[in-house]
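The structure appears right after this line, and notes come after that.
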Amino acid sequence: MDIENIGFETINLGHGSGGELTRNLLDKIIFKTFSNPYLDQKHDGSIVKIEGEVAISTDSFVITPIFFKGGNIGELAVHGTVNDVAMCGAIPKYLSLAFIIEEGLKVSEFIEIVQSIKKAADESGVLIITGDTKVVERGKGDKIFINTTGFGQVHPKANISVHNIKEGDKIIVNGFIAQHGMAIMSEREGLEFESTIESDSTNLNFLVNDLLDVFGDKIKLFRDPTRGGIGTVLHEIANDINKGVFLKEAIIPLEKQVAAACEMLGLDPMYVANEGVFLVVVDPSVENEVLNVMRNHKKGKNAAIIGEITNEHPNKVVMESLIGGKRIVSPLVGEQLPRIC
Amino acid sequence: MCLSIPGKLIAITSQLDETFRVGKVSFDGIIKEVSLTLVPEANIGDYVLVHVGAAISTIDEDEAKKTFDLLKQLGELNELEDNK
Amino acid sequence: MKYLSEYRNLEETKKVLDEIHKITTREWNIMEICGGQTHSLVKNGILELLPEKVRMIHGPGCPVCVTPLNLIDKAIELLEQGVIVCSFGDMIRVPGSKKSLLETKALGGDLRILYSPIEAISIAKKNPDKEVVFFAVGFETTAPANALSVLHAEKEGITNYSILASHVLVPPAMEAILDDKFCTINAFLGAGHVCAIMGTKEYYPLVSKYKIPIVVTGFEPLDLVQGIYIAVKQLEEGKYELANQYSRIVKEEGNIAAIDVINKIFEIGNREWRGIGEIPNSGYVIKEAYRKYDAEEKFNISTIKVPENPNCIAGEILRGIKKPNQCDQFGKTCKPSNPLGAPMVSSEGACAAYYHFSTNLID
Amino acid sequence: MDIENIGFETINLGHGSGGELTRNLLDKIIFKTFSNPYLDQKHDGSIVKIEGEVAISTDSFVITPIFFKGGNIGELAVHGTVNDVAMCGAIPKYLSLAFIIEEGLKVSEFIEIVQSIKKAADESGVLIITGDTKVVERGKGDKIFINTTGFGQVHPKANISVHNIKEGDKIIVNGFIAQHGMAIMSEREGLEFESTIESDSTNLNFLVNDLLDVFGDKIKLFRDPTRGGIGTVLHEIANDINKGVFLKEAIIPLEKQVAAACEMLGLDPMYVANEGVFLVVVDPSVENEVLNVMRNHKKGKNAAIIGEITNEHPNKVVMESLIGGKRIVSPLVGEQLPRIC
Amino acid sequence: MKYLSEYRNLEETKKVLDEIHKITTREWNIMEICGGQTHSLVKNGILELLPEKVRMIHGPGCPVCVTPLNLIDKAIELLEQGVIVCSFGDMIRVPGSKKSLLETKALGGDLRILYSPIEAISIAKKNPDKEVVFFAVGFETTAPANALSVLHAEKEGITNYSILASHVLVPPAMEAILDDKFCTINAFLGAGHVCAIMGTKEYYPLVSKYKIPIVVTGFEPLDLVQGIYIAVKQLEEGKYELANQYSRIVKEEGNIAAIDVINKIFEIGNREWRGIGEIPNSGYVIKEAYRKYDAEEKFNISTIKVPENPNCIAGEILRGIKKPNQCDQFGKTCKPSNPLGAPMVSSEGACAAYYHFSTNLID
Amino acid sequence: MCLSIPGKLIAITSQLDETFRVGKVSFDGIIKEVSLTLVPEANIGDYVLVHVGAAISTIDEDEAKKTFDLLKQLGELNELEDNK
């Protein structure tokens, strides 16, 4: 996109006024980038056809910095919602896209974000069908917030429900944990460090689709452990099913640098945010086949069977430590703070 | 308390005077600038123990190895004593 | 990570644990002073791998837990007055008498979470028209870095920087615990990182006065079980000696350069320990010559002393008289999301460590 | 709702961490208020069934102050999206609800907003089926931003399209314009004034539904002129259909105080925001019947036929002034600023 | 609204318009000085209701349009330096040489849009550790209120307040226009609200020197058509008199209290008009005794003089030599969303009024 | 320029001294505090013309009425002249 032709270098309040400046911003950047028959109606809403059951999920994305190692807030906003829809056992089809921009955002940065959204949407196979743009005064936002709401068609073979989970079911993770959170942490003022850690932000819908195609109702549950990390999500699962979860620390995929950064800041990777990780609970009859399918998919190369469902210690997650002891994995309370002294 | 972790000193980045010294320490690839003022003896390649941004100790490799012999040492000691 | 991963080795740890089981014949109460060791013992599930007869008692070595309520209120007061308050992350959720630093931030205070006190100097430089205060808590381990920040400020002629200091010392606390008439402790694991600075020599008088084994110990599972093994071995053999399990880090004489830096800025004085009370000569206070870097001096903040929550038995917890799960409030009215006392806030506090990691909760 | 039992007085970052505090906030306020079979799944998405064509619309609501005369940001967020869905000729059924909260927001204010959302959703006949809550640092937000995304079933008789609009079609407005914008303006620092002007925020879906029931494809278009006011929206319509719009100033419903406030600040009510106003373009054969139905509905008591579609001056909106002269109504450029000297 | 609605009456206006048509026999060029009148003429569609022979020429009476580029740059400079700059709404979108006040705000400046200069005093009181500057533009009408803000500051002992003043005067501008060799103006509508302050007496010398009718006129449609009627009538009758259509507001002597307030703070001096150039004795400057309230004095901001966009013919527009739609840029490269000159920014600017309201655009 | 509108003075809210005076003016129910310093003669009930927060003139009711007679006045004048 040619910034010269946009006619302005920063976004200001007028671009959110609903008048000509707003139309200008939309025409030159949004409609131009995402053009499709639904969005091209340029109305406040779009009309689509979806057959059968529809999965709907919404998320707002607020992140500092908006550009980080391995991605930016734009692709995050697509991946996050695409994945949430996928976690419902559905095939994501459409996204709505709503920006809240703090005045003063550079148009060049906005364009970069919009292009990342386009790329991520294309890669995920979803269309942006409707949207909204608001501009808030300087000091009343944080560069840009993005809300995406996603709609998908439930996979015909999906039978996702916590109620299907039984003792002995296995918990599989698709890859390294805690990468996104530590990539963000590495740029946080006062805590920053050098590393090659990148956010794992990615779309998981095709791998999820493949698993449903092959294993149908042997798949009991998908969950993507974003905020709160795998520890919090596993605790929620244990609570929802009134059963226990048993994990082995040694098996949880954890990249060396991420582990070191967690040690340095006194953070527990079990509670660090992920953006390209999901947990799947499967019938034990197919655990190895599922692991195989995952490991052969580029989004699951480092998959591992990290634990299982048990009738022992209901509502609790218990993890065997590296030296064979046991701890419980309680849910994260507030934000995980660096533990130093 | 006193969360401290071992890392390898990979560079001296500034030396304000004979005491104030700053360097980069790598923790398995995580690199952090730390004060070296408290470890005047540390050289590049040494492992140091870092606490809240300051290296507070260099790590003694020989002693580190000995840790794994503890049982043997104490056992031997016992045997010696037993033999008395 | 070198010097870390190898001390988390299952087989090596198991060998030592087996040996402990083999040699233990009587009940022993061993106190690990340091909250970091408590954290590691619980998080790695070591407590339940020990013989029932070996009972670990969790000591007061969590600087966040023992920082007086009053001082937290002072930091909050500064934050409310528009001072940029810098702090380690674990300190900011600790409840003061009305609210925590984190809650004060939510109401508009400029609070910065730092990895290192030395970074507070950059913040002071970047904000020349603001006052910057570092909330300098910690044991002997942290004192040199906090002192370094003051030396940096002095060297660079920075006048808008000061520290709100609360440094406590381990040996006086150990003595206070041993002097308690309910004390049942048979041996101590010495805090490895405190000793990295101070050396081991401070402990000889304690060992001989109280006839008690002190084993300076590291933080990894293998370190801890070795420290326990050495302690149990001495106890079973009727010995009381100073031992150093953590010799890769700790020298008898400690870190001379670090002790020098401490002594430039600080001198020994009385200190109040939250949950315990004042212990004579148990902390560092800022020396006369550096008073202009002392936030208490600079701002003359006077906060009212407020009593602790009467249902919280933090004092007994910190002195090792009771375990967290012996507190009536534990896990019921007192949780990390609504802590009644400091040991439930810091993830190194014994109550929080039990809450988060201990499988005891399952029963 | 009993604030005593919430256990906290202000919302802080921990409430957005995804951990126990987040769950606490959601359980005690959100799930308790909105409980329904979809939301009670407490997942990141919900699965619903919608038959036929689905209208989807998203909007983020950013407004200062969050409580204003005649409403608050919560009801606004429901009405805005309900109305956008209705403007598509659809019957709003479900809403997603996403909060971005600035830390320090009083829990009591949050509860008041949530309860307004509940009330507005109930009155509009929509269910909140999925949501999201983020908390941003102090100074990086503006108390609270709300995104709602709405889904509705297209009305079976609806045939809404700008392409159906012909010369001679009439433009009808349901009531007084410019109320919302002037209610907000009355509380704006530096410009504030005393008045009894209230926001017109309300849901329009039932009136829209009634019109479609009775008039079917005689209804060519619905538009709600929110930001940018009726001037901007009418200009967009003229452009979209490549025809002219002719208006009469004297007929446009404008309340006395609103008119006076606009005079005082030098603002043109044609560009002031509305939240309970809609324009409908109808076949001239039914103009009076439509007006009748509207005037008999409580959301259309002050309805008026303000103009018509013409082949003259294509792409332009021309308005006859009170004294019989003509002006064009160009689109708003940026934010309308008080004109004083 | 009383005194407003009745002057927007269709029948009354039509009667006067009919009369104008009846009496007009020759071509007349009548200039309304005031941008507010331009706005009203165009917005109410009066221009096309007049006889073709009666041509309205739009004058320079838009303070926003004639405020020098240089002064806008100064206001921006202050905003960038952390000063709280207060302004009327219409001023903030006017492009300076690099950007507008609004754009500077988007980059972090603390800009406040006020209804009244007097409210800037409250802002100065609320922000005692900040400097507050009111961007005081305007003609004679606005000068008293701007002066009042200074008197309030003086009375309340407020020291962090000053004004960046740019006050221009109508009669010297009229004289400059009449002196122009291309001038074709046959009569003036005098600016009613300027005269509310200054009275009508200033105009006698102009009327006799240039033998030109001047009709002091109000702003509502009926006022305007009456003013035009009186002017045409005099012209057709070969008269040149000073008439006062706006007698419900304007007295011959003006507002004595207001003139007093002006004279306390300001004295007459030379002024640069954007698009026109410097006109001697055409503005107010702050008196010696009140220099401490003069932002230019207080901050000593020196900005470089930058030339205007060479394609913009604002000078000719403002002097009534050309109409906006005679500018090549009009509606093409120059639009309210991207104004090349000030008359396209302010909604009172002739170019913007034409762009927004004029049905000429349809053709 | 000089956007000014007529409103009714409904209250005097403060009188700092003989010159500084503040009051409330109602514009069809929209009420604004304005400075009355420039209109010392204005009383409650009077209509004033307000510009940027200051009343700059009181409105003369008789003159206002006369506006509507303009044509008649000028017409009569003409007739008179015509009659000469």
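For this structure, a couple of remarks:
Read from first to last, the chains carry the letters A, B, C, D, E and F; within each, the first residue is number 1.
The working rule: a contact is a pair of C-beta atoms (placed from the backbone, for glycine too) under 8 Å apart; a residue touches a chain by one contact, two chains touch by 3 or more.
If you want to know which protein each chain is, UniProt gives these names: A, D = Hydrogenase expression/formation protein HypE; B, F = Hydrogenase expression/formation protein HypC; C, E = Hydrogenase expression/formation protein HypD.
Keep in mind it's a predicted model, so treat the numbers as computed, not measured.
Shared contact partners of chain A and chain C, listed by label: B, D.
Touching chain A and chain B together: C. Greatest Cα centroid separation from chain A: this falls to F. A comparison of the D-F and A-E interfaces places the larger number of contacting C-beta pairs at D-F. Once the centre of each chain is set as its mean CA position, chain C and chain E turn out to be 71 Å apart. Centroids of chain B and chain F (each the mean of its C-alpha atoms) stand 86 Å apart. Averaged C-alpha coordinates give centres for chain C and chain F that are 76 Å from one another. A straight line joining the Cα centres of chain B and chain D is 64 Å long. For chain A, the set of residues that touch two or more other chains comprises 12-14, 20-21, 137, 139, 256, 259-260, 263, 266, 333-334, 339-341.
Within chain F, residues 1-3, 5, 27-28, 32, 52 each touch two or more of the remaining chains. Among the residues of chain E, those in touch with two or more other chains are 1, 4, 63-64, 88, 102, 115, 119, 138-139, 141-142, 222, 336-337, 348.
Touching pairs of chains, sorted by label, consist of A-B, A-C, A-D, A-E, B-C, C-D, D-E, D-F, E-F. Of all residues in chain D, those touching chain A in their complex are 12-23, 42-50, 52-62, 64, 84-85, 87-88, 90, 94, 96-100, 129-132, 134, 136-137, 139-142, 145, 147, 149-151, 154, 224, 226-229, 232, 236, 240, 271, 273, 331-336. For chain C in complex with chain B, the touching residues are 1-4, 6-7, 12, 15-16, 19, 34-36, 61-64, 88, 115-119, 138-139, 141-142, 144-145, 148, 151-152, 155, 191, 193-194, 196-197, 222-223, 226, 229-230, 233, 245, 247-250, 255, 257-258, 261, 348.
By the touch criterion stated above, chain D contacts chain E in their complex at residues 189-191, 256, 259-260, 263, 265-266, 313, 316, 318, 320-328, 330, 333-334, 337-341. Interface of chain C with chain D (complex): residues 93, 102-103, 105-108, 336-338.
Chain E meets chain D in the complex at residues 1, 4, 8-10, 13-14, 42-49, 63-64, 86, 88-93, 102, 112-115, 119, 123, 137-139, 141-142, 221-222, 335-337, 346-348, 355-359, 361-362.
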